[in-house]
Every structure is written in C-alpha cells, then in structure tokens.
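Listed next: structures, encoded as structure tokens.
First chain A sits with chain B, and in the next complex the same chain sits with chain C.
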Partner chain A sequence: MSQTVPPAAARRVPPPVVPKSRRPWRSSTREALTAYGFVAPFMVLFAALLVVPLCYAGYLSLFRSQLVGGDVFAGLDNYRRALDDPLFREGVLRMARFLVVQVPVMLAASLLFALALDSGRLRFPRLIRLGIFVPYAIPSVIAALMWGYLYGPDFGPFAQLARDVGLGTPGFLSPHWILASLANIVTWEFVGYNMIIMFAALQSVSPTLYEAAAVDGAGAFRVAWHIKIPAIRPALLLSVIFSVIGTFQLFNEPKLLSALAPQAINTSYTPNMYAYTLVFTNQEVNYSSAVSFLLGAVIVVVSYAVQLASQRKARRS
Partner chain B sequence: MRSPTRGRRSRLLATAAGGLALLVLAACSGGSTAGSGNGTKSVDMAAELKKPATIEFWSWVDGIQSEVNLFEKKYPNIKVKVVNAGQPAAEYPKLRTALKAGSGAPDVVQLEAHEVSSFTITKSLLDLAPYGANSVKSKFLPWAWSQVSQGSSVYAIPQDTGPMGMLYRKDIFDKYHIQVPTTWAEFATAAEKLHKADPKAYLTNMSPSNGASYTGLLWQAGSRPFKSNSATSFDVNIADAPAKKVSDYWSGLVKSGAVSTDADFTDQWYRGLASGKYATWLTAAWGPLFLQGTAKGTSGKWRVAPLPQWSAGESASGNTGGSTSAVVKSTKYPAAAAAFAEFLNSDPASTKMLASKQSLFPATTALLNDQSFLSTSLPFFGGQKVNQVFSDISKTVSTDFTWSPVQDYVFSDFNDTVGKAMTNKQDLTAALTQWQKSVTTYAKQQGFTVGGS
Partner chain C sequence: MTSKTTPASASSSTPRRSNILTLMMLACLVYFLLPLFWLVVSATKDNGSLFSTFGLWFGGGFHLFGNLRDVFTYNDGIYGRWLLNTALYAGISSVGSAFLAALGGYAFAKFRFPGRNLLFSIVLGSIMVPSTVLTIPTYLLFSKIGLVNTPLAVIIPMLLSPFGIYLMRVYADGAVPDSLLDAARVDGAGALRTFWQVGFRLMLPGFVTVLLFQLVASWNNYFLPLIMLNNPKLYPVTIGLAQWQSQAGGLGGAHALFSIVITGSLVSVLPLVAAFLLLQRYWQGGLATGAVKD
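And now, the complex of A and B:
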C-alpha cells in the first residue's frame, strides 16, 4: 500500500495585504519572485513526475495500439471496454470486500493503541509506540516476503505449530484464505502508521477538556468516547481516506505472494496488478492507461463518499 | 506465473556443432551488399567482422562469459559486453520497455524459443539470413530450427532445447511394485495404485501455473494449437482433438486426487520433490541437472525414462523450454551481432562448453551424437547415462510444432483457465475451450486475423 502522504497538511496563510501605493512595485514583484523561487523545486518535480505523466497516460488511453495495424485513435473505446471487463470488475470488487473488512479492523486497533498510549497509564510508552510503529518502517516488499515465509505450508512456523498440536496444515496461501492473509499483512504494516496519526491528534486536544470532564465525574472510558474520539475526528477521517486509497492500489503484497501461490493470486487479482499485466504481458499500454484512470475514478468516488458520509454524520451529532 | 520455471531451463547440458560456420559463411558471402534485410542479399561478413564493434549481450545463463571469451579471441576487434538482465520473466519486460523507448536495448538477446515469434511480430528482431544464418542451419535439430525461422528468414539461433521425459523415483516404484509406465493408461493405473497405498504420495504433480510444460504434453499427443497463415494471420486450435484427449485424461486424475496440483517452482514444490511426495517429474532435458541441485538428499534414487505414450509401441515427445540468441533490429553492428549469435551456438568449442559448463541441453546434432557427451553417467541417477536417454528422446520430438505470436498472453491465460480448473479440480477440457476463446479474443483485439475452431 502506498499510504505515504504526510499526515498534516499545512494550513495556508493568506499573505498580508499591503496597499500598493505605499510600496514600490519592484519590491512586491521581487517578493513574488522569491516566493515562486521557493516553490519552484516542488512545482518542477510535481509537474515532471506527476502532471506530465498523468497527461501522457490520459492521452495514451484515447488510442488503441495493436500488434498488427499500429496506433489508431479510439476515443473512449478503452474506457467502454474496461467498464465491461469482468477481470477489472472482479479486482475492484475484491478490493472493496477487502476494504470493508480490513480497514475497520485496522483502524479500530490503531485507535485502541493510540488511546492506550495517550492515557499515560502504560509503562515504557516510547518503547511500545516504537514497537507498534516499526512494521511501517519495513519496506512492504520485505514484509510480504517475510509473511510469505511465515504462511508457508511446509516450512512456515505457524504450519509446523499447527501440525504439532494436531490441527493439520492451515491453508494461509489457499485460494480460500489468501484475501484474509493479505489483509493480515496490510494490517500489520499500517496499524502503527495510523496509530501515530491518531496519537498526534490526541496530543493536541486541550487538557482543559479533560479537567472539565473529571470535574463532571467522567471516567477514563467516558472521556475517551465522548471527548477524545470526537476531538480527533479529522485525523480519523484522514486515516480512513488514506486506507481507502491504499487498498484500491494494493500491489506489492499480492504481487510477491503470487510467486508463492500462483493458483490463489492470478495476474488480475487487484486492479493495479491487472494494469501491470496489461502492460508487461499483454502489451496493451493504452488499455492499461484507461484501466488506471478508471481505478483513479473509483478511488475518488469512494473517498468522496466516505467524506460526505462523515460530514453528514458530524452535522447530525 | 511461469516465471520461476523459465530460468531453470537454462541449466542444461551440452552442445557441439559445426564450428567452421563462420568461415563457411564468410566464404559464401561473395556479393557484398549491406544487409537491407530482404533475405536475399548477403553481407560480406569477412570484411564486416574486421571492423571494430562493441555489442551488448543479455543472457541469464550463469558464466556465459567463458564462451564469449572464445568469440572475442577469434574476432579481436569485436567486444562483447555480457549483461544479466534477469530471468525471462524479468528480462522480457525490460526488453519490451527498451524497444518501446527506442533506446537501451541490447544487440543480442537470449529469448526462449516460444518467444521468438512474439518479438518478430513487433518487428524487433533482425533477419539473420543475409548474415549467413542459413549456412549453420544444417548443424541444428530440424525442430529446433523450425521454431526460429519463417521461410528463408531466420530470427534467432537455437541455444538449447528441452525434449520431455520422465524422471522417476526408483525406490518408490520398487517399494509399491510399480512398473515404469510406458503408456499413459499404465501411468493412470499406477497413479491410482500409489495414491491408494500411500495417501501422502502422488505419482506426479500437474502444475496449474506452468503452461509451457502442459503445452509440451499437448505437443507429444499431436496437438498443434497454432498455425501461422501469414505474418498477421494465424489459426488458434488450442482445443483440438489431441488436446481434448490430453485434458480429459488429466481431468480424471486431477478430479480423483491421484495426482497433486501444486504450483511448481515454489517452496512447497521443491519440498515435494525432495520428500518423495511426487514419485515422478514430467520435465524437459534440463530437468535432471536442475533436480540434482534442488533435491540433493535424494541422490541415487532417481532414474530417467521417456514419457509414457498414447499408444503402446509409439515413441513421441514434446519440448518445453529451450532458448535462442536473437539479434535486436536496432543494433548498430548487425554483422558482428549476427556472427556472435551464430558462433556462440554453433562453434564446436563454444557449444561443448555450453553443455559441459553451463549444463545446457544441446540443440546441435553434432553434440547430440558426441560420444563423450552421451556416455556421461550421473551418480544422482544411479549412474544412468541420462544424456543418452534424452538424446534419443530428442529425435522423437515432432518438427512441425509452431508457436503463436502472442505466446506471453497464451501462457498467462493458461493459469486463469486450465490452471484454475486444476486447482479447483474441475473439468480441464471445458477450461481448454475457455483458453481457446480468450486467446482468440485477445489476438483479434491485437489486430490479427484469427482462424481455427
């Protein structure tokens, strides 16, 4: 998953308004230039590595390139085909299923850890915080390889343990369980990351609220439920949105596990894997671009729906 | 994924052949027109090869530098830079990306035989005919040559081959009184018998992720899934009668659970080979040495036999795996690159070294009849002369098998159709029809004219 967006977006501060007449125009131009100079490195990279490739992919998606016959303008044909493509649809639905189960479990665990750390009742809080966060620092490729070993039906420690106590060999990599096994890896990787977002938000809640609650006779659980959780609502929403995006873009983990369990994870298992296969196996760059754009659209729609639902709920309460 | 399988094909045995190739082709090239590529004009190779050149060669064969040194010694003005761009599954995407980008492609590249037409259709490979390739034709097995040539055009030089045989565990066969099956009917009976006697053992494993190996079995049965009509038109007959016969047969064994369906080249599969879970491995001539490296603990317990036959008394086999060296069209030094591909795979010293040091199974008739090659006995196989067995099998591989120009897709889709049916213990013949359908659809989308059932 690629949940690497920095958690806190800096709030934009409007520049002080200075009446033009009181300053020579040169000075304000110079200031503006300086400002542009500061943002230029970002803008250049942003344009070169995101905007231009995105436009190029969009352009490509409007063509059809065949092994025989070359390139022809296809308009929206690729998009029409993708909407009708059972492999793409299956991948998206599979990720939707993943989302509905994995994201709540992961975020609930993150929230629990964050609240526990914030309560100040744990010993060695720094050590625990670090311990929970460390999996996020491990590259997902290595995490997937490691879990692939742990899941192994022959050498895997879980399988050996299960056999020793007479439970038979668990099929972590079987077609039936593979989605759950993937969910477990992703949860392990990102629980700490989300915990840090929530923990940071909890730290900025004003202590006066807790004092007031204590005066009113609220216990720790009541404070958590009625004050802390509502107070970090924006942080929770951020975690949900990142998780939605990351889930639909799932690639590394299933791609690596497919080497261990090709019968359980096919080449179109997730939408991103499908896009990859389309380019490198099927040589359909144009169609792959269209699939990627549609995937982007799915993510935008779902993220927006989540945000909308959350706002509506906030308004009601 | 078939990716892990492919590299292993390269760990093979031996090649030798007509090494005067270059001298011959140099002598033959009187008319000196620079290669315009129409296959009729030839290039003055002798003159071309004196010019300084530097070429890049992609190969996943470990230690191929030794053979490259032989070439550089013979042509001191030509430098060859060897790059290991990874196993096939890694190399092809890199090659395709470089070709698409128009820069970064090598001059000479290792391709599996079944990939050659996929790169020919994108017009990425140089026709080697004007560079004397046809003069080495007679050195090679006819069926290996037919896979790299189209009419008089030659798009790659065969490097090694993978005729299929059966590696079996003699100790397990002896223990359960199983005769070495010579027909598929006997094989099925033996499979049921073994699995009944030991529910943890299987006579063989049918991999749901190895379309190339399954295709080898189809090849043996006489299935001809593809027939080329022209550069842009081919017939797809994946579900032809022999293929249905093979799939019906394996459906029965898979459904009854008498054979296992583990994905091959995975940890579990390696373990199965080593532990005696699989009593046979139906594989290519590159299999024996691969096995020797993988299941060291079972040394001395294995033997080699030809594949079981569809009718008693027949001797037929298929091929799976095997590589070639192709020249990329964008090369700046076509003559040097072509000469290198030809030398590497047909020079007697080079081919012999490929066989003895790199363990590639030969594609040249000279080496396949070479006594020192044939008489090598392997202790891992109880001292059996394994090369002799596979050399004999090699002669029974029918020559008229051809690949599709969309082979990447064909193998990838195998996993989603026939492979999926294997895993789910469903009817393989129905899946075969699905495979046929999706390959046809894909080929049509790619602009081919597709015929066939």
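And now, the complex of A and C:
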C-alpha cells in the first residue's frame, strides 16, 4: 500500500494547536481548505481524465477533416450524419432490443436468488452464493472465449450432444441466434454481481418490518412482494441503471465472438464497436466522436427515464 | 408456501431448511459453474482429444502439465510476461484508485465545504459517461504527449473511480463516527493523521471493496489496452489471449493453439477467483453498505 501523502493535502493540514472550541475544524475556512486538500488528488485526476477528454471529444465532433486544407468547422453536420446513419441506428436499436429482454431476465434471476438466500431456507447458502457470483471475477474476454467454444460447432459439447441424438448442429453462432447467445454470456457474467448487491440490501432490511406481517399471517411470497422488494428499491434502481449503462456500451463480448462468427457480427454490430471501427479502421476521428456523444446522450436519457419512472412509482405506492 | 403465524420471537430463530428450494438453486448453480468446469476439463486435453472426446468430461489422456509448459513457452514465453503486465497494471491502478477514493470519500462524508454537493453530484453523474466517449479522446490526447504504448497509458485512466468515491463516502458516513474524529482532534491530531489512524482504519472494509472491484475492472479490462497498446510485450493477458484465440481460429487445420488458449485462460482467471474467495469477508460487508444507501 502506498503511504505517499498527496502534497496538496499535506500542506493544508491545520497545525496541532490546542483547540479553542470543541470542534476546531468545523464551520471554518480551515475545514474547507482541509477538505479541498483531501479531494484535490481525485478532482485533479477527474478533470484531466474526464472533463478534458470529454471537452476534447466535443470539440472534435464539431469538425470535419479534409484531405486538402485540414480540419474545417462543420457545426452539427457530424451529428446530423450520425442520426441518419443506418449503421449507428441499427446498433442502438439492437442494444435497445437486447436491453428490454436481457436486463429484465437477468435482474429477475438476481432478485429471485437474492430472496432465496435471504429467506434462510437454503442449505449450503455460502456455496450457492459464491458459486453464482464467481463468473463476475472472470474477465469478459475469457467468458466470451469459453462460451464461444461451448457454442462452437466443432468441439462444443452442446453440438456434440445434439449430433449424438440426431438433432444436427445447433446454430448458436448463426445470425439468427447470435444476439441471444450474447445475452446468455452477459447474463452469466452479471447475475451474481446483481444478486450480491440485492442480497446485501435485503440483509439490512429491519426484520421488525416483516415480523409484524408474519404475525398477521402473510406468507413468505407476500412478505417478499409487499415488504422486502419495496424496501430494497434503491438497490434495484442502482442495478437497473448500471445494466442500462453496461448494455449500451457492449463491446468485449461481441468483439471476441466476431472472430468466431464473422458473418453474424459485423464491425458496427454495437454502437461502441462502430465508434471503434470508425477511429481505427476508417480514420474518422471527428465522426466517431459525434457517434460516441450521441451514444452517451442515449444512455443519459434512458437512465434518467428509468429514475423518473421509479420515483413516480415510489410516490404512488 | 405455508404462512407462519408464529410469534415474533420464533422468527429470530432460523427458518426451516427447504430441500426443494435448495435443489432448485443447486440446479441453477450448475449453469454458472458449467463453463468453468468445461475450462478445467479442457485444460487437461491436447488438441486432438479436444475434438475427439466429449467436451464436458475428461478423456484422451491427461495433458494439463504439457499444456502448461506449452502456454509458458509458446512465442518465447511471452505469456508469463503478459501475466506480470496484468498484475502490475491492475495492482498499481487498483491500490491507487482505492486510496484516492478513500481520501475523497472521507472528505465528502466528514467535512462541510462550499461546493461539496455540486462536486459530488458531478462526480456521481459521470458514472453515466460511456467509456468509449472517454477512451478514444484520451487515446488521442495521450498520443500527443507520447504516453500511448507505455504502461502508464493503461494505468493512469484506471486510477479514476467515480463509483469508488461514492462507495467510500457512503461507507465513511456509516462507519466513522464524528465523536471519534472529534476526540482525535481534541487530542491535537492533524487532519491527515486523524484520517490515517482513525478514519482509514474504520473504512478498511470499504477500501478493500473498492480495491477488489477496481482490481477486477483493470484485470479484466480489454477496451482500454486494446486501444492504447500495440507492442505485444506490453499486452495484458486479456489482449494476448484474444490475439492467440484469433490465430487459433485462423490456422484452420493446424489448430495447435486451442489447448494453449484454453489452458492460458484457466491460469489467468485463478488469481482473481482466489482473491475473491480469500477476501469475501471484507467485500461482502463493504458492498452491503453501498447497496443500502442511495
């Protein structure tokens, strides 16, 4: 562990004078300066790695590079082009489709597992909890690689079994099934992570909340539905929003599988893959920046809509 | 399920274990462990038996040690170098980012200062910024100052963890009582010493949580090194294996790489799985705090 003290913080440490009041740092400029010292290392990095690149990308997205004459200001042309670009639109719609099917399935599974663990009725709860969580520790590259082999028509065990019983080779990697195959990989990776978050939230729900219900004769399912699930709404919302963000940014899994299924996954299969291709294959940095910004806008809008919907629901109940 | 009309005192004792529920969960567990089981089984096979034997059971001889030797000797033993690179990149950036998050989160939780809520909202909002939006301009900026294709190019961006600072703030709010800090101050301890000797100690489970999750994020990172590095000697293991895998498919008849890729994958996942198992007491507690408040 690094013991280095950030210089900014070190300088602003108040000298250990005998304090006059009981809370010498409180409500004073000294407290503020100390606090700035503590947050400064993070905020400097935040500015350098988040604010500056973001502004730079915004700046780039407003230009067009030409073979003759260098970069020319283009206004919002790149954005107009992206909105009309079928490759970008297809990618976003594909991710939206992925989102409305995969995320509910994944989170429902996470919630069921978390409720089962929380019920205290399971044998081997630790084994089950860790076993379901373990895929989270596997790099998505390795996950895609393993599932790619499992799906594979050659030595994939599912293909071997299907052939043995005379069903022919299943087309997990065919254009028709590839989105479902990807959804399966992502679900496999993240059910456990979301389960752990929900389980942790459930564990902190005060038992007095549902002991009363149990006295009133409410069954385990009714307690789960009417008391436990509403009580962990913040954790559920967090899971939904992280899933939304993750889905629209999908890159690793399709990129890895595209080596096995080039006819099913093209270079603009997801918006992120498209932005990558635009920069590193097409050399269209300016246009790629606009595409990334629009993707960011989609993510912000959808996340915000999820939050609003959740708040409205909370107010109604 | 039967409703339990037992008095409140009974509900504090453990409920009856359910065999049906346990069996259902164990069946689900098979799904989650199946690919890993396949990985372990396949790492014991040579290329020939990968194709000629059933994928989900051992067969065709035990070639694990031969495969391991192949993994660590192929391409002049570059795999070992990739593993070290990954350990170095992930180690430095996770310790660094957890430490920065601890400092910042502690200040956001325990001090009042102008702009506190605004700064924190901005940091929290930045969680929604997609990594592509950041990674590509960061690459362009790094290439201007000559950082591209150096280890720093993949370490520096991973030092920033907005979610980490959120988690540390929530954790410090809950785990560090004001009275203890006040006592330290009255004793004449400076702000930094108070943080290090009182605050940080109490925040340790949260710190380990952030560290571990940032370790996973760096260890498993693919997009950032894919963009930043093109020197195979600097590759982390994810990029290296992905490259070997694309070669394995491309070689067609001479598929000598499949067993290497599979065994290399197995070796690369062991450290993180071990870290999670060994440190579970810490991160489960740390996550609990993050999940409760919002």
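We adopt the following convention: the second predicted complex is superposed on the first by the 286 of 317 C-alpha atoms of A that agree within 3 Å, B and C clash if a C-alpha of one lies under 4 Å from a C-alpha of the other, contacts with A are read in each partner's own complex, and residues count from 1 in each chain.
FYI, a contact is a pair of C-beta atoms (placed from the backbone, for glycine too) under 8 Å apart; a residue touches a chain by one contact, two chains touch by 3 or more.
Nothing here was measured: the structure is a model prediction, and the numbers come from that model.
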Item checked: First, second, both or neither for A:P53, with chain B first and chain C second -> second
Notebook entry, point to check: In the superposed arrangement, does A:G75 touch chain B (first), chain C (second), both or neither?
Noted result: neither
Checklist line | First, second, both or neither for A:F155, with chain B first and chain C second | finding: both
Next item on the list: Could you tell me if A:P230 is touching chain B, chain C, both of them or neither one (first, second, both, neither)?
Entry: neither
Next item on the list: Mind working out whether A:T267 is in touch with chain B, chain C, both or neither, as first, second, both or neither?
Entry: first
Check: When the two structures are laid over each other on chain A, which of chain B and chain C touches more residues of chain A?
Finding: C
Margin query: Is A:A259 touching anything from chain B or chain C once the two structures are fitted on A? First, second, both or neither.
Written below: both
Next item on the list: Answer with first, second, both or neither: which of chain B and chain C does A:G217 touch in the superposed model?
Entry: second
Notebook entry, point to check: Do chain B and chain C touch any of the same residues on chain A, and if so, which?
Noted result: 154-155, 259-260, 280, 285
Checklist line | Contact set on chain B toward chain A in their complex | finding: 1, 3-4, 92-93, 96, 100, 121-122, 208-209, 231-232, 261, 263, 266-268, 271, 405-406, 408-409, 412, 415-416, 419-420, 422-424, 442, 445-448
Item checked: Residue ranges of chain A touching chain C (in the complex, touch as defined) -> 1-2, 5-6, 9-10, 12-19, 22-27, 31-32, 34-39, 41-43, 45-46, 49-50, 52-54, 56-57, 60, 109, 113, 116, 119-124, 127-128, 130-143, 145-147, 149-150, 154-157, 160, 188, 191-192, 196-198, 200-201, 203-204, 207-208, 211-212, 214-215, 217-221, 232, 234-235, 237-238, 241, 245, 248-249, 251-252, 255-256, 259-260, 271-272, 275-276, 279-280, 285, 288-289, 292-293, 295-296, 299-300, 303
Check: How about chain A: which of its residues touch chain B in the complex?
Finding: 66-69, 152-155, 175, 258-264, 266-268, 277, 280-285
Checklist line | Residues of chain C defined as touching chain A within the complex | finding: 1-8, 11-12, 14-19, 21-22, 24-26, 28-29, 31-36, 38-39, 42, 50-51, 54-56, 95-96, 99-101, 103-104, 106-108, 111-114, 116, 119, 123, 126-134, 136-138, 140-141, 156-157, 159-160, 162, 165, 182, 185-186, 188-192, 195, 216, 219-220, 222-223, 227, 238, 241-242, 245-246, 249, 258, 261-262, 265, 268-269, 272-273, 275-277, 280, 284, 287-288, 290-294
